[in-house]
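What follows is chain A paired twice: with chain B in the first complex and chain C in the second.
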Partner chain A sequence: MKFLKLSLFFAILAVAITACSSDSDGPEETVDTFDRSAMLANWADNIVIPAYSSFNSKVVEMEAATMAFNETPTVENLQSLRSVWQDAYISFQNVSMFEIGKAEELRFRNRLNVYPTNAAQIEDFIATGNYDFALPSTIDKQGFPAFDYMLNGLAETDAEIVTFYTSNPNAEGYKNYLIDLSQTISSLTNEVLTSWTGGYRDTFVANSSSSASGAVDKLTNDYIFYFEKALRAGKIGIPAGVFSNGTLPQNVEAFYKKDISKELLLEAINASVDFFNGKSFNGNTTGPGFKAYLDYLNTIKNGENLSALINSQFTISKNKANELNSNFVQQIENDNSKMLATYDELQRIVILLKVDMVQALDVSIDYVDADGD
Partner chain B sequence: MKNLISSTLIFSALIFASCSSDDDQPIVQNTVEAPATYKFLRGTESTVNFDGQTTRILMAGEIANSFMDFDNATEASLLAMFNHQAGNADFGDADLNASDKNLRSKIAASYDYFFTNTSETAEIRADFETYISSQINEVFPNRMVVATPGVAGQVADGSRTRYVGAKGLEYNQAFAKSLLGALMTDQMLNNYLSAAVLDEGDNRQNNDNGVTEENKSYTTMEHKWDEAYGYLYGTSANPENPNLTIGEDDKFLNEYVGRVNEDSDFSTIAAEIFDAFKLGRAAIVAKNYEVRDEQIAIIREKISEVIAVRGIYYLQAGKNKIIDGDREGAFHALSEAYGFVYSLRFTRKSDNNTPLFTKTEVDALLEMLRDSSDNGFWDITPETLDAVSEAMAAKFDFTVAQAESL
Partner chain C sequence: MFTAVQKYFQKDTQAAPLAVFRVLFGFMMFLSIIRFWANGWIEKLYIQPKFFFSYYGFEWVKPIGDYTYIIFIICGIAALFVAFGYKYRIAIIVFFLSFTYIELMDKTTYLNHYYFISCVAFLMIFLPANAYFSVDVYRNPAKAYQLVPKWTVDSIKLMLAIVYFYAGLAKLNSDWLFNAMPLKIWLPSKYDLPFLGDLLQQQWVHYAFSWSGALYDLAIPFLLLYRPTRWFAFFLVVIFHVMTRVLFPIGMFPYVMIVSALIFFDMGFHNKVIRFISKLLRIDYSKMVALSQTRKYHFKRNIALPILALFFMIQLLLPWRYLAYPNELFWTEEGYRFSWRVMLMEKAGYAQFKIKNTETGEQFLVDNSDFLTPFQEKQMSTQPDFILQYAHYLGKHFTSQGHKNIAVFAESYVALNGRLSQPYIDPNVDLMKQQESFPRKDWILPFNDTIKGL
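Here is the complex of A and B:
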């Protein structure tokens, strides 16, 4: 409605201006002839599919390392599995934003990365052996955060953790849970990747219309939703207490591993920057993306180019994030103001993307905040 | 636009005023002055009391939560909460257990709509009991099942899990949102603000003469008005100045007056409702029944509007999710909408004694939502949701677009 009033205002203004300027040549019609298909193709071929391929290979390694650990549960094998898990978790930050097509259908991000994970119920699932990861109510008992608990959260030392998989009376239950977690991640990832390579890519690129159901509008929404909810709120805002009374350090990403929260955040910011700039996942070449589209539309804000404004805000955010302790629990407990400062810079990006960029691109935001029940 | 209309009205009023200045008609003066807050005293004693309403709102909150208490709730336990008898340990709150009030007896129980319509009362109460039995017998057994068309169970709504019946309806939502119509709205608009109740027996005479109820500080009429007030503000953090926290104080009428007030098209509605309650109560103290009745008309119009606006808002939110390919994600909004549509039955025209929506009309809308296809929400179309929305908006002077957007 605000929009309506505003457009009415502009319509009247336009009439007034037209009336006054009827003698002049009038402004040139601006028609958006940006090649949206080429942008979609660049996204699919140079960013999305390579990122999923790379992530998939990490996930396959993780499954193999899980099997090796289950076969020979030693401290050494635990550590190598942990290292592969960490690589895969970092790699996941490059695909998490693409919640479209098969990923959307499978609720990919929610299946792989809902945190905090529910340790008590994981223990319950392990004890009973009775669980179904396809159930929506199990999203906080699976994925990378559940894996984090299984590898880092069962006990203080690695030697003690290994005993859960060796001498524990229900060692088989722990092993089964671990392999089920790993196989679920890997089969979901495989499903998304093969959907992209098996035909969805063409559907996606062909869907270049400028409408709410067009691929540009949809992925733009997914990208901004991801940045606002999963990155800004999930990684920083929620644990830093922005939405609650008091901080919630137990809600950081990778809570049990602890010292990689910052690395996961930086990877996610970098992936967002690269996607914004249309930069290929492999290599340094850039193709058509938001930046090129905005430059084409020659969007100016405060006398500055909007894409430059966004990129510079990305840099500011990254610099702020770089000041953080690699362990966010420590950062929150020692000096939460740095978390809040990072949040503020990320929030400025959200405004640039969600207000200025979508206005320039003529995309409407298709999600609203839930009303809390 | 509204401003334009009201300035036109004021302007025409001026014209009429100047035209009629010669005749000797007494000009009815609005001599009632509204106090700053809902605070009324007789001597030093407050005359405001709505304990019964507060109790029922709290009972409604507990039973709505118990719908999701998979580990403890039974059909018997929910029915016992619904039809509580004094002293039974049905609730977690000891005060509620001790109370002789219950929800069931006040559902579809208003003087104006149901005094001579007990067969419909029975039908409506049975609807609530059906929500209870369906939750226990249909949804609870399928707690760990992924819902599919015709099969109850879980659906994902973003990162939340919703538990739906075979047609995609969340019975807890249907129950709670139907209750805010069948209990809170019906009691408020059609019972306590009814002339038949406010002016019953010697109420006017007693109010005129300051005759209070036995051992109470208030007249009967004052108390009836406060009971209407309590169904909206009964759990407010500050009941004398309830708009400070409007929307935050319950999960029923208070919440949705707050939500609708956040919509820029309806951003004065909470103030208008409170002002009308406040001025109407002051009018009773001032024995000015004309001003009182004007306020009743405002409250009826605005509360009815809240229900329709929020219902359309949820219908459109659900529709947009379906269009976006997230059908299961739409079920929650559609379940809330279902309850709001049900509640239309209890809304009211401001100027006379008739409902805004007849039973037949509401039943037809509910049937469109529930039965326009075999599997309810699983295959309801955006066109149907638009048709229901338009039918609702047609009774008011706002549009679907205004209700849909914030």
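Here is the complex of A and C:
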């Protein structure tokens, strides 16, 4: 009896306290549960897969142009191959951040875009004809940066470059290397795309669990990792000498082409912004993404408007990046402070993403599943 | 008053509860070690990292490469010996030392419940937990006792009461009670739980969990002590800890606490447990208990009581040491650990280190992933003592690489309980010039908000 009375007392106490506490927080609004599966579907169907399809068509074109150039190595064919390569490289900036699933398995970003490329070893590979792009040790001898060297770095003028594929004693070796580069890029891309269209899309969307292995957590980690390491550090920080004593202009993206580094950067920032806002790849409609998710969570938390802060910092960074010379080597040599200023603005985004957004989403930043208390 | 105290220390009680506690504790610890190993955490946490974060004063405690496994093996075997009550005194001492050594190797993995295990193990060194239902008694019936001093069983109850009550006190702050933080961050992210997922999106649920959690922690020791409410209290213990198990990655702790709470029950209950275990293992437990119903354990030397008195004094006072520091405890974490502040805050941070040559002005930033595991980096970025130790490590590393006149600066940001991130460490302070010590760290930037309460 006593037991019953006591339990009743505590039950009433608990109810009373909860009632009071929710009163104290002002009018209760009923919030709809945010649909993570819808967000994953928006990401997959409207952003990731269209971006890969578009990129894939570019690399298919690049492969065709490479074959055409190998067949008739002329200055015109070199220039048209170069322009297709440039389009593909720019298009790549839209998929580089999605290192998940097949792309993660293939280490897609490392296979396609490790720079600076190792020109001396590329020459070795061409001379011996002995190389295997599947080996991790070859990542800095393949992909777009190696292609950059093959199209823009062999000599000063286009006419001289073409001679490597015509009159050079090992012209066959150069041609083979070029087509191998092109084919590796297109087959890897094709593999990733067909994985997405052939079933991984459904696995991805269905994996809406809140664990560290859930698709939301994983892609969030991938996105932030990409932004911090590949975009902020890779494209700006490392060449501007942020991580070293002195600048490293030879480490800019598209070092041999020179005048597209800025275009690549801006494309990458735009892709990051669009992904953050859930904006579809082909068009202007937006669906559920980080922005909508943060806005939803903020209806619970009533904190700062984080998505607006992040978007405005994106804009500031883009404006800073726009002030840069399209040739980053020149920019670094003439006025590196502008590179550093851009780095600082990108760094502010990293903090907002990695500290504030990660906390708001309660995403674990690492995959170590150690206990908490 | 004094006579009452004296009288209390002469009181006896049945040895069975202590014996059951020993068996279950030892067995749980054995399972914990196995689980830790099976998860690959020994490798991941103690062998792979290049660098380990030491506790102040325990810099000499380090993993010993692949031999670290041996420490875990010793610890696991000792736990099993404790469970069996075989060479109990040595076993529990070895368990305490090896377990505590493991915890001291890297403070990245600090958890209150590991500290709790160390405390209980230390306590048990001084308790006659093998006086009943143990291999020691089976081998030497002279060691069998039916009765033990009442304070020995009560000391475990006191330890548990301190853990709960102090955890409850720590929740009496404005973030926890009036903002339902950090539960407002944690609970909505468990959207995929069956039945609960949608409920956990509701604000009233966050407040209900916060308040009932605080109330539970404060009240449960008393509800367990008071006989009429004991079963109800135990029911709450089970509900509460199962709930935490479902909601948070909390490992073995819930089970350890549920099992520990059994100590509050009377000997009738514990004899049932002993009979059950005996049946399960097909052992004749009558050979493991004292023949005389009145045989009473006496402490030979009178050192256990003074040591434990001192131990509990420390336990009661240590959590209050934060009062000696002027700034917000959650922000600076000066005096945060070893105080039963459990699941109290959500902190995220980012720390970037700049190595500068003070003569030439040359500088560069460090890529933390070159030196730390993601887990270490995460822990480092929100805790000043980690940041300082890491800065010194970086300074030494780059000095040995031939860099000269090194100064190390940290640019760091921390977000606490859903507030917007703000700068954390003074970016103009050369951390190489700062030393770890007990006085306040004045290079932590002030917290731009106040959290009221204890």
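Keep in mind that, in the parts below, the second predicted complex is superposed on the first by the 328 of 373 C-alpha atoms of A that agree within 3 Å, B and C clash if a C-alpha of one lies under 4 Å from a C-alpha of the other, contacts with A are read in each partner's own complex, and residues count from 1 in each chain.
Note that contacts are C-beta pairs under 8 Å (C-beta built on N, C-alpha and C of every residue); 3 or more make two chains touch, one makes a residue touch a chain.
In this text the structure is predicted, and so the values were computed from the model without any measurement.
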With the two structures laid over each other on chain A, which partner does A:134 touch: chain B (first), chain C (second), both, or neither? first
Of the partners chain B and chain C, which touch A:213 in the superposed model: first, second, both, neither? first
Superposed model, chain A: greater residue contact from chain B or chain C: C
Taking the superposition on A as described, I'd like to know which of chain B and chain C A:107 touches: first, second, both or neither. first
Hey, what residues of chain A end up touching chain B and chain C alike? 2-3, 366, 368, 370-371, 373
Give the list of chain A residues in touch with chain C in this complex. 2-3, 6-7, 10, 13-14, 17-18, 21-22, 24-25, 28, 31, 33-34, 36, 208-210, 214, 233, 237, 241-246, 297, 300-301, 303-304, 306, 309, 347, 350-352, 354-356, 358-363, 365-373
For the chain C and chain A complex, residues of the former touching the latter: 39, 41, 44-45, 109, 111-113, 177-178, 180, 184-186, 188-192, 197-198, 201-204, 206-208, 210-212, 215, 219, 228-229, 231-232, 248-253, 342-343, 346-350, 352, 357, 362-367, 373-375, 377-378, 413-415, 418-421
Listed in rising order, chain B residues that touch chain A in their complex are 144-146, 154-162, 251, 259, 264-265, 317, 320, 323-326, 401-402, 405-406
Quick check on the complex: what are the chain A residues that touch chain B? 1-4, 104, 107, 110, 114, 132, 134-137, 139, 212-213, 366, 368, 370-371, 373
